[in-house]
Amino acid sequence: MPETEFVTTLVVYDLVGIFVFAVSGALVAVRKNLDLFAALVLGGVTGLGGGFIRDVLIGATPPAALADWRYLIVPVAAGLLTFFLHAPLGRLERFITVFDAFGLALFCVTGALKAVGYGLEPVPAALLGMVTGIGGGMIRDVLAGSVPVIFEGVVYATPALAGATVAVLLNETDLPMWVVAAAGFATCLSFRLLAMVRGWRAPMPKGPANV
Amino acid sequence: MPETEFVTTLVVYDLVGIFVFAVSGALVAVRKNLDLFAALVLGGVTGLGGGFIRDVLIGATPPAALADWRYLIVPVAAGLLTFFLHAPLGRLERFITVFDAFGLALFCVTGALKAVGYGLEPVPAALLGMVTGIGGGMIRDVLAGSVPVIFEGVVYATPALAGATVAVLLNETDLPMWVVAAAGFATCLSFRLLAMVRGWRAPMPKGPANV
Amino acid sequence: MPETEFVTTLVVYDLVGIFVFAVSGALVAVRKNLDLFAALVLGGVTGLGGGFIRDVLIGATPPAALADWRYLIVPVAAGLLTFFLHAPLGRLERFITVFDAFGLALFCVTGALKAVGYGLEPVPAALLGMVTGIGGGMIRDVLAGSVPVIFEGVVYATPALAGATVAVLLNETDLPMWVVAAAGFATCLSFRLLAMVRGWRAPMPKGPANV
């Protein structure tokens, strides 16, 4: 695949990922009976928050999303759409969850590779890839007054960490960038979808937690 | 108005805005029966938090408030005052809400213009102006264990976005800076006060949110 | 004490502080019956979050902990240990609280001196020292869905501010760095331990908070 085509593909995937994440954020707002503005804010932070945390931590400010209006229009469109059409969107939830897995797989890879590009070592770069994937949803849940859903047994962060790790490790080889990205993406996506289909749960603490 | 006088006026308004925001933060602490330290922290983050988020996102670190002790003394004074005199202050609440609108109107304009000064495009600059105005209150509510009040129908963020947008647009013209700032300020303030007087509410989701 | 030995001692104390803070974070996850991943995340943010906030605010990005894998391994180890051995660890809680006071005393001093090193004035530097000490625990509580425990009467932030202030003030003198650090450390530690032993409580608001 030629380099420019690859970059265009990445941007398109990125915008799709932001859109789907933003829909999930706006749906939380609607379900908590919050107003239109909350739908837009929760949509925005879910779609863009993970990347913001990464960019602030690696010193890549202002974040890319604040330098390219397409990255701002997409969550606004997702928020408006969700607010006014939440009933049909809610029925598509299983479908959305699959798209959400695509977004997670993309964000963990682009996040990790961007961190490598800013000079981070492999271990923190993989960690920041995971943060890019899961950070937006965590801010969404905290702003909506909930404990992050990924703390309650959902297998979500581990696939993101796995995909980011694969991308960071392969990036040390001579493989072309798109192979590196595709391998990380496929790792996270297949792991996440498998966890959904099989109903895997993260380990819960055993025994009484003597408070 | 000469330039230096204008800057002095801005700093005075800025400190007044921080003071009023800090009072609102400390009042939340008192009403949740939290301790003196909570009143100081919630006062501080409400007064300074929006500017901190903006400065971190545009890379203007350390934030202005950490380089000028007056910006730190004001929220401390507001927090102490509120903690020890919360009963009379609580009775002045309607009065405080009007001052709060002044703070919002000021912060959205200065925030947006600072973002422009750091090279951001008009759309993200207007957005950061809004964030400067509403960010502190959102952190206040999250730290106090509540869903942000501006998610529940209050018309608050839209006036901030309107004021920031007016300032950013007029800033593209040849108008003197103080006219640009005054127009943005007046837009936000009149919009917010009108919303309060008329009891406007933000749109709420319609129909059942099939959870 | 020779300079290099002093630096090694600081790193060791730093890692011990991170470890103990991370145990406290992971214990919160276990007690809320959250999953293994939550134990790791809450451990990580409790151990590293205060330093992250400081580094982002002073523009020292990427934070030190993202440039040195030892700072990432320690909270992971603490999180795993706590998740699988929470029952015996919970019984050691009083012991942990004493270690936690060591962590607080160390973080407030190193945080304040780092801020001074980045050119901040004494007042904001002392404040950032306090934030370094208390920030991680505040993020922990917010992510776990609670109001920060230090808002409810615990004497915790004041010792951190006192230790940071002593370090910042003595740093203006000709005293060797290790004396400066030791004096700040001792101030915070003795203040915190005394508050624990004597059962001191922070001032609470008086009278009805007319909501």
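Chains: A, B and C, in written order; residue numbering restarts at 1 for each.
Note that in this section contacts are C-beta pairs under 8 Å (C-beta built on N, C-alpha and C of every residue); 3 or more make two chains touch, one makes a residue touch a chain.
Just so it is clear, the model here is predicted, and its values are computed rather than measured.
Copies chain B and chain C of the same sequence differ in orientation by 120 degrees, per CA superposition (steps of 5). Annotation: the chain A:chain B pair of sequence copies touches via predominantly different residues, less than half of the used numbers being shared. Per-chain Cα centroids separate chain A from chain B by 30 Å.
Residues of chain B found to touch two or more other chains are 56, 59, 142, 145.
Note for the complex: chain B touches chain A at residues 56-59, 118-121, 123-124, 127-128, 138, 142, 145-148, 150-153, 157-158, 201-205, 207-211. Listed in rising order, the residues of chain B touching chain C in the complex are 29-39, 41, 52, 56, 59, 61-63, 65-67, 69, 72, 83, 86-87, 90-91, 142-145.
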